[in-house]
Every structure is written in C-alpha cells, then in structure tokens.
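So, here's a batch of structures to check.
Shared between the two complexes below is chain A, which has chain B as its partner in the first and chain C in the second.
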Partner chain A sequence: MFVMILFYAFSAVLIAAALAVITTRNPVYSALCLVLAFFTSAAIWLLIEVEFLALVLVLVYVGAVMVLFLFVVMMLDVEVEQARGGFTRYAWLGWLTALVVILELVGVYASHRFGADAGAVPAPTPEGYSNTHELGTLLYTDYVYAFELAAVLLLVAIVAAIALTMRKRAGLKVQDIAKQVAVRREDRVRLVKMDAEKRG
Partner chain B sequence: MLQSFLEVLLLPVVQSMIWILVVAVSVILSVAFAVYWERKLIGWMQLRKGPNRVGSIFGFWPGVFQAFADVLKLLIKEVIVPARANKVLFGIAPIIALVPALATWAVVPLSPDLVISDIDAGLLYVLALTSMGVYGVIIAGWAANSKYAFLGAMRSAAQIVAYEIAMGFALVGVLMAAGSLNLGEIVRAQQGGALAWNWFWLLPLTIVYIISGVAETNRAPFDVAEGESEIVAGFHVEYSGIAFALFFLAEYANMLLISALTAVFFFGGWLSPFDGYLSPDNILAKPGFPWLGLKISLFMFLYFWLRATFPRYRYDQIMRLGWKVLIPVTLVWIAVEGVMAWFGVGPWRA
Partner chain C sequence: MPDTPTFWSTIAAAAPEAWLVAAMCAVLMIEVFAGGTKRPRLTGTMTLLALAFGAWLTLEYGSVSVRIEAFHGLYVADPLALVLKLGGLLFTAVSLLYSRPYLDRRGIGGGEYYVLALTALLGIHVLASAGNLLSLYIGVELLGLSLYAMVAFDRESGVAAEAAMKYFVLGSIASGMLLYGISLVYGLTGTLALGELAQHLAAEPGLGLIVGAGFIVAAIAFKFGAVPFHMWVPDVYHGAPTPVTLFVSTAPKFAYFALIYRLLAQGLDGLSPTWTQMIAAVAVLSLFVGNVYAIAQTNLKRMLAYSAIANVGFILLGFTTGTVAGYRAALYYMIVYVLMALGSFGVILLASRRGFEADELEDYKGLHARDPLLALSMMMLMFSTAGVPPFVGFWAKLAIFDALWQVGSVWLVVIAALAAIVGAFYYIRIVKLMYFDDAPAQPRGEAGVALRFVLALNAFAALALGLVPAALIDVCIRALG
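== the complex of A and B ==
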C-alpha cells in the first residue's frame, strides 16, 4: 500500500512535469521540467526493483545529457515571444505525433503479448537478488556480441563527432604545455651585472 | 484500519525521517567545526593565529564557536534578490545544491553495522547523486542574471562534467577489485591491514580519485568557478545571507562526503590499518567508526593543506589535466588491473 501511494505520487509528478515541458514558455523551465521528469521516472523504476536502470537513467540523462542541454539552452538566450509565434503554425505536427504515439500505445495494450491481461503482476524479487548482477551476467555472456557492437558504434560516433567539429583555423594561438614545462631559467632570465655609477 | 495505516505508512516514514535528521545534523555540525579547523590550520600555515575571538572550551581552542557566530550573522542578514533575477530558480538553487550532498550519506557505511540504506547498487547511487550537484551551480548562475555568476556557473559545469568521467572510471577499478557495487561489500573486500586496502594496488586510480574529488567540489587549486580575481565570486556572487550560507554548507558537506568516499573506496573505510598485524583482541585492530572518522579528518586536512599551498590552476590547464591526463591514466590502469586479475596478481577475486 505504501508502494502504491508512492507510485501514484510519483506518477502525478511525472505527468505534471512532462506536461510542463511542452507548455512552459521559458526554454530553461522546459529543460528543468524534463530533468524532473527523468528523475521521477527513475523513482518509479526503483519501485519495480530495477535499481540499475533507474540509477543509470539519473546518472546519464540527469547528470550528463541534461546538463549539456541546459548549457545550450541558457547560452542561446531564446526570445520568448519568438518561441510563442510558431505555436499555431506547427500545432498540426504536434497533434500528428501525439496521434501516432497514442495509436502505438493502443497497439501495444491491445496485443495479447503485452496487454493488460497478458500476465499477473510480476512477483517481487527475493531478498539478495541483484538486478545489477543479473544484467551484467546476461550482457557479458548471452549478449556479448550485441554489447560489443553497441560499444563500437558509440566509439565511432565519438570519433565522428570530434572529426566533424574539429577545425584547424590559421593564426590560432595554441599553448604547447610541454614547451612551457621545459622552459629553463636561463631561457627567460638574464642577469645584468653592472657597476654602480656616479650620479651625473 | 487506523492501526495498519500507522504501521504501514507512518512508521517507515517516521523512522527514515529520524535517520535523515540524525545524519543531516551530524554533517552540518561537522561542517561547522571543519570551517573553524580550516581557518585555524591555514592561519598557522601562514603564521597567523586564525579565528580566536568567539568562545573557547576550558581555555583551549580559542575561537571554536566562530562558525556558529558566522551562521547566526548570516541568518539575520537580508537576502537580496537582484532585479530581473528569476526569483523562483534563484530561491531553489541553494536547496538543489545542498540536497545531493546530504542525500548521498544514506549509503555511506559508517561502521560495520551502521549504514542507513544498505543498497546493492550503492556505488551507482553515489555517482548518480553526485552528478546532480552541478544543477545547483548552473541554476544559481543563470537565475542571478549576472554575467559574473553565469561565467562562474559555466566554468564550474564544464569542470564538473569533465572530472566526473575520470572519477567514474577510477571507481570502475574499485568495483573490479571488490566485485560488488555495495559500499559495505567494497569495504569488507579490503580486509587485512593497510597494505590490503585498495590504494596499494590501485595507486594511480587513488590519486586520480583524490584529484578529481578536489576538482568536483570546486576547491582550491581548482576553484576557478569562484575565482575572486577574475569573476568576483563566481556563481554565488549575487547571494547573500542564509542563501549564501546554504551554498557554503553544500561545499563543505561535499568535501566531507568526498573524504568519506575516498576512505571507503581506497582506504578501507571503517577497517583498522593494523588489522592482521596486531592480535585481533587488540583495540587498535578492531574495525569501527573511529577509523573512518580519522580517515575523513585526514582527507579534510589534505583539502586545507592543498588550499594553503597551491596557486589556482589556469582554466585551460584544468581541462587538459582532466581530459588528457586523468582519463587516460584511469583507462590504462583498468586494463592493467584486468591483466593482473587474469594472472592472479594481487588480491583479486577469480
């Protein structure tokens, strides 16, 4: 019962946050509401005892991806009035997307594999069961090739992103740290010794 | 009905509340004394006396209540909200900065049988929550509607994101050694005296973790987010009164936390360094909270020592150190660790 109350509380927050993402005018508020949405969905995942996925969701999306989002949104300084202008013009696109998503959800729930009457509520896992351990065992045995492929794909994406954005401009002032460290006193300091002179 | 309501709903909530209160109050009190200790230490290192006016205990420790006096002063000062600042975000930013610093203590094992929440994915929980700390800084910097604050927030966010990666990789080495994400298990896996602790076999990772810990908490010599000489006080330049005090508290709570985590991950947590060298009956060989407290104090001392010793890093050098030095070092050492585990060198589990 305690879990149920938590579930409904988190769900309410999640839905409110998700609605706020698309309804607030200020893009910074939108990004922050998205953070809240991620965080509450992680909390809901914790309720069904998938702690690894929940914590990774917070770690990756809240801790890294959304920080960069927020960076960009804050730097862009979007004009609020301008953002409002396109609302009616692009509304049909929004409705269309919503329709497709609803149809997909109906399709999932109507199917006999995932539907509401497909299976009982999953039993709570026994004490000592570690979600992280199970995932690791599966990933590194049965699905090791898929896992490695995903890793290679990510690596390629990283290399590609760097290759695409790295531009060599002429006349750029670059500091060579090795050179800076290798500097000796003799290279920079010259002691001039001279005899005292009589004031003329 | 009422009976079951009380038992099912209220009891766990009240119990958790009490624990949370106990930990939060102890952390806040520790922060008060850590601040006094820091000012005193840096004073001695610079041939000054440090704070010596407010209170003393039986004539010793002059100035010991300085931190309390400061808090009182900040409490009764006016909180100024700058014109055209975003009031809502300006108000919640200090809270967002403080909450992760306190919440992470939930999984830190304080003694062999004292940990608030003994969860299996403790290490992930630590990483997830510490990565949230950056929001307080960014939101504060943006909401204040000040260029200095925003610059400080940007610097701090870039720095935290960069050093988090090195930190995460250093912890990968730890969980490889312990074979568990549970913080209590990680400590137990290090049993057997000071040389069996993780720092010995994971020395490069230990150094990387300590350096990135200093960078993550925005402390000297990595405190470019505050950089008085360039951007006044960075992200909290517009904060005054108790709102500033919350940022201050968050910074020191984070330092305490990183010190505790360094002790847990690399220096055997609550284990005794003499375990295995002295007879088990000897009081010095017994595990317990005093050892953890001693280790936390040592790392706090390291923080203060660093602050009194080193000048501030240049910004591009901070980025270079994070991305081009610390991350490659951790990657190489994880590979070395894999090879060592393969050949059974060191205390690795098969």
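== the complex of A and C ==
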C-alpha cells in the first residue's frame, strides 16, 4: 500500500516535471525540470528493485549529461523567441506526431504481448540480493571480452580526440607549470630604495 | 569446443588480440616519451615490428582446423578468422610501408597515426573472430572510430576535414541501423550468440525478423560502400590523405567480409531467401552506378573510389548465391581486389612528391617516359582490375560467374559481365594515358628503391597469382570448408 502511494506520488511529480520541460520559456528552467524528471524516474525504478539502474540514471544523466547540457545552454546565447518563430505554422505537424505516438502506445499496451498482464509479476528479490553484485559478476566473467574491448574503444576515442585537436603552432603561449611553481620572490619583485622627495 | 576451458587456454586463444592491445599501448608510450619530433621514425618501425610478431602469434595460436569458442562464445577461432586476420595484418603492414615516406615528408606522421592503424587492425581482428552480436558491434565501432580519425589526420587540409565529417556522420547512421537491426533480431530470438541465432531461426520468420535483416543489410551496404549507401566513398577516397585512402580501401574490407559472413551467412542463414534478394538489388545497383560514374571522373582517387563501389558489387554478388561456393568466390574476389587496390593507391603514393599529389588523370600522361617501372606496375594492376587474362582479376571474376551459374542466376551473370565490360574502358584509359600520350613536364616521384621494389612485387603478385591461381583458391576453400 505504501509502495503504491509512493508510486503515484513520484509519477505525478514526473509527469508535472516532464510537462514543465516543454512549457517553460526559459531553457535553464527546462533543463532543471528535466533533472527533476530523471530523479523521479530513478525513484520509480528503485520501487521495482533495480537499484543499480536507478543509481546509474542519476549519475550518468543528471551528473554528466544534464550538467553538460546546462553548460551549453548557459554558454550559448540561445534566441528563444526566434526559435519559437515557426511554432504555430508547424503546430499541426506536432499534433499529428503526438497522435501517432499515442496510437502506437495504445497499440502496444492493448496487445497481448506487451500489455499490463502479459508477463507474470516479478517476484520480490530475496533478502540480501544485490543487483549491482549480479551485474558485476556477469560483466567480469561472461562478458569480460566485450568489457575490455569497450575500454579500448574509449582509449581510441581519447587518442583520436587528442591527435585531432592538440596542435603545436609557432608562437603559442603555454604555461609551464614547473616554472610557475619554482618561481621565487627574487625573480619577480625588485625592491628599489629611493629617497623621499619633497613635493613641490 | 573444449568442455571446461581453463583460464590460460582462453587467454591464449585471443593471444593476437591481446598482443595488439599491448603493442598499441606500448607504441603510444614510446611516442610520448621517446619519439615525437626527436625520433619521428621510431614509432613507425616499432609498429611494423609489432605487426610482424602479431602475424607469428596469429599463425601460432590462430591456426585451428576446427571451430574453437572462447570467452563464453564471444570469441571464435576458425579457419576463416585466421585467413582474415593474416590478410588484415599483411595489408596493414604494406600500406603503412607505402605511407611512411609520404607522411614523413609532409610532417603529418605523428605517432598517433600508427596507434590508430593498430586499433583499426584490432577492430578487424575482433570482427574476424566475433562469435556474438556484441563483439561484432564493438569490432565495427573500433574499426570505424579509428578510420574516422585517420581520415581527418591532416589538420591543415579542409577537404580532409570535410571528408572525415561526412564519413563520421554517415558511419554513425550506419552503426545506428546495425544496432536497430540487431535489437530487432535479439528481441525476436532472445539470443545474441551467432551460433544459437541460427537454431532459433528454424521456425518460420515473421515480419519483424525480415525488417531486422533489412536494417542489417543496409548497415553492411553502408560499411562496404555499396549503392544506394555509397555517397561517402568518393568524398572520403578523394578528400583523405592518400596513405589513409590506401588504408581505408584495403585492410577494412577483410573486416567487412567477416561482418557480412558472420551476420548473414552464419547468424541469419535461415533467412537467406530474404536477404539474398536484398543483396542482389544492392549488388546490381553498385555494379552499374560504380562503373558508369567512374568513366566521368577526372581525378584518379575518385575514379578508383567508384571502381571500389563496382568491385564491392562483385563481392556482394557472391553472397547472392547463399551457397558456400558463392561465399568462397566472394572471399577470393575480395582478397584479389584488395591486392590490386593496394597496388593502385601505392602507385599514386609513389608518383607523388611534396606539393604534387599526382591524383589527377592528367598527371599520368606519359608516365612511361618519366618512370617506366611505375607505369608498368600500374598497367599490370589496371589490366588485372579490368579482368584481363592471365592476371588474377580474371580468375576472381570467373569464380563469381561460376558460383552464380551454379545456382542458375543467369541474369545476374549477364548483368555482371556487361558491367565488367563497361568498367574495362576506364581502366584501359589509364594505360593509354601512360603509354600513348605526350608527357608534360612533371616532377618524378621521390620514393626510395626499397619501396619501388615492394610496389613491383605487389604488381607482380597480380600476375603470378593469375598464372598459378590454385594457391589462393586453395586458401579460400580451406577458410570456408
């Protein structure tokens, strides 16, 4: 019963947040509402005992993707009013797309394969069962080959990015950290003894 | 498959891949701490040595007579994987040999180039030994990412940046399509293992599987550069620095052969009536668009790009049969074509010098008077690509025709023969330009003696393999036994 109340509460917040994402005029508010939507989705996932996915959703989407998104929104001077210029002209296309999506959702929900009663209700996991542990076991045994290769893939991305962007041009001003650290007071400050002068 | 593989036997099976990763990391470190501007040739030498040792490891641990699975089926070692890996190693090594002087002279030969070549080769290895849709996809991405970066490697060139951008965007779309097809197939069969996939397909395939196969075929056509997904090929071949064009057009073909064979012929064998028709449409379109557009080109790299599209059409024709004989013919054609593409782009590299790219058809007028050896090599390679006997290209085309004939696809044989005749025109035009046109004052290429010897050997191989075709055909028969 308590779980049901939590579910409906989080769902209400999720829907409100999702609506706010597309209705607020300020892109920063929009992005922040999306963060709220991600948080509440993570909470709903916790209710069905997939704690690892819930954590990853918060860490990856809120922690990394949305922060990047906010950076972009704040750094670029987005002309919101201009972007909304053709809104009424293309509104019919939006409605049409929404209608198709709704029909598809109804179709999926009504079909015997994917409906609410299609599969058995998953049994609650036993005490002490750790989602993270099970995923880790699978990742480092059965799929260790793919896991290691994915690591190499990330390395390739780093090498490629550095090779393509790091350039050594003549006259480039670079900081030499070692020199900065090793600097002493005598190198920078010169005390000059001067006699006091009379104003005149 | 061994019943309970021990830890070390599992690792040993993947020794070539492990070595490539280790070598890549080592080359990266050597470049940072000992190479750079002080010793710019060091990393190239280290990479070539690493490739030689990798070839030995592949022969030592990869030559198996039966299929061996490791890493819970994510990795398979079979005769086909051995042939594809050795081919990838050999062609990567030779293309690096060809490109070294070019890169050094133009100052774009940073050590990262060799690192990216090694990771691309790792991608080829992973694809060649993929036993699971997961490892297949990671192999595609490893190879793809390395190639995109290599195309953009000359940062001063705007054309190269444009080519890399196109390649990256279109390649990402292709990856997306591949993933979408894979997810449909996975959702409807419930397995990612290629071996189990074939068993789950035994029942009558539904619409979902056919759509999934369609997406997979589209992604394969993208990667191979077959019509109607060929738009990136001319721009990338033309825009990329010539050494990169050379690399892109040769070694990755081995990986894409593994991709199409493992996905379609092994995984989706039960759907072969469906996908052979899709492949046939793609192949016929490639043959015609490739050959007809190639005639209109004035740039040799662009012309060879359209020629690549046409030749990919021939390789795909082998897959339209859906028989082992057809796959063998496709493998044979692929190896032969890559050998000739290696030589043709090698000629462009050797004819170029700093400030003169030698990639326009005009630049080849009267090449015989300037550089008889280069002209002779190019003539042999062009005749071979056109399919003139006794060069090896003739036997490759014959093998494809024979495989098609055996399954009764007479109309495909007729279409392919017509396309080959159209194609012969522009290959032989190069020979005419080199031998019968007057030479304008052009600088001579500045390649060393050793490199010219390698090129002559490459061209001579096209003749020798044509005079003694049995050796290479035997390799293909053993690979797909």
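The rule we apply is simple: the second predicted complex is superposed on the first by the 134 of 200 C-alpha atoms of A that agree within 3 Å, B and C clash if a C-alpha of one lies under 4 Å from a C-alpha of the other, contacts with A are read in each partner's own complex, and residues count from 1 in each chain.
In this section, contacts are C-beta pairs under 8 Å (C-beta built on N, C-alpha and C of every residue); 3 or more make two chains touch, one makes a residue touch a chain.
Since we're looking at a predicted model, the values are computed, not measured.
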Who does A:Ser130 touch here: chain B (first), chain C (second), both, or neither?
-> first
Quick one: classify A:Leu55 as touching chain B (first), chain C (second), both or neither.
-> first
Regarding the shared-chain residue A:Ala160, is it in contact with chain B (first), chain C (second), both, or neither?
-> second
Of chain B and chain C, the partner touching more residues of chain A is B
Which partner does A:Gln175 contact after superposing on A: first (chain B), second (chain C), both, neither?
-> first
Would you sort A:Tyr143 into first (chain B), second (chain C), both or neither based on which partner it touches?
-> second
Please indicate which partner A:Val67 is in contact with in the superposed arrangement: first for chain B, second for chain C, both, or neither.
-> first
In their shared complex, chain A is touched by residues of chain B numbered 8-9, 12, 86, 89, 119-121, 124-125, 127-129, 131-132, 134-135, 138-139, 142, 150, 154, 157, 161, 164, 181, 316-317, 320
Once bound in the complex, which stretches of chain A touch chain C?
-> 141-146, 148-150, 152-153, 155-157, 159-160, 162-164, 167
Would you mind writing out the residues of chain C in touch with chain A in their complex?
-> 14, 21, 24, 28, 70-72, 74-75, 110, 112-113, 115-116, 119, 122, 126, 132, 134-135, 138-139, 141-142, 145-146, 148-149, 152-153, 155
Note which residues of chain A are touching chain B in the complex, please.
-> 1-2, 5, 28, 32, 35, 51-52, 55-56, 58-59, 62-64, 67-68, 70-71, 74, 130-133, 175, 177
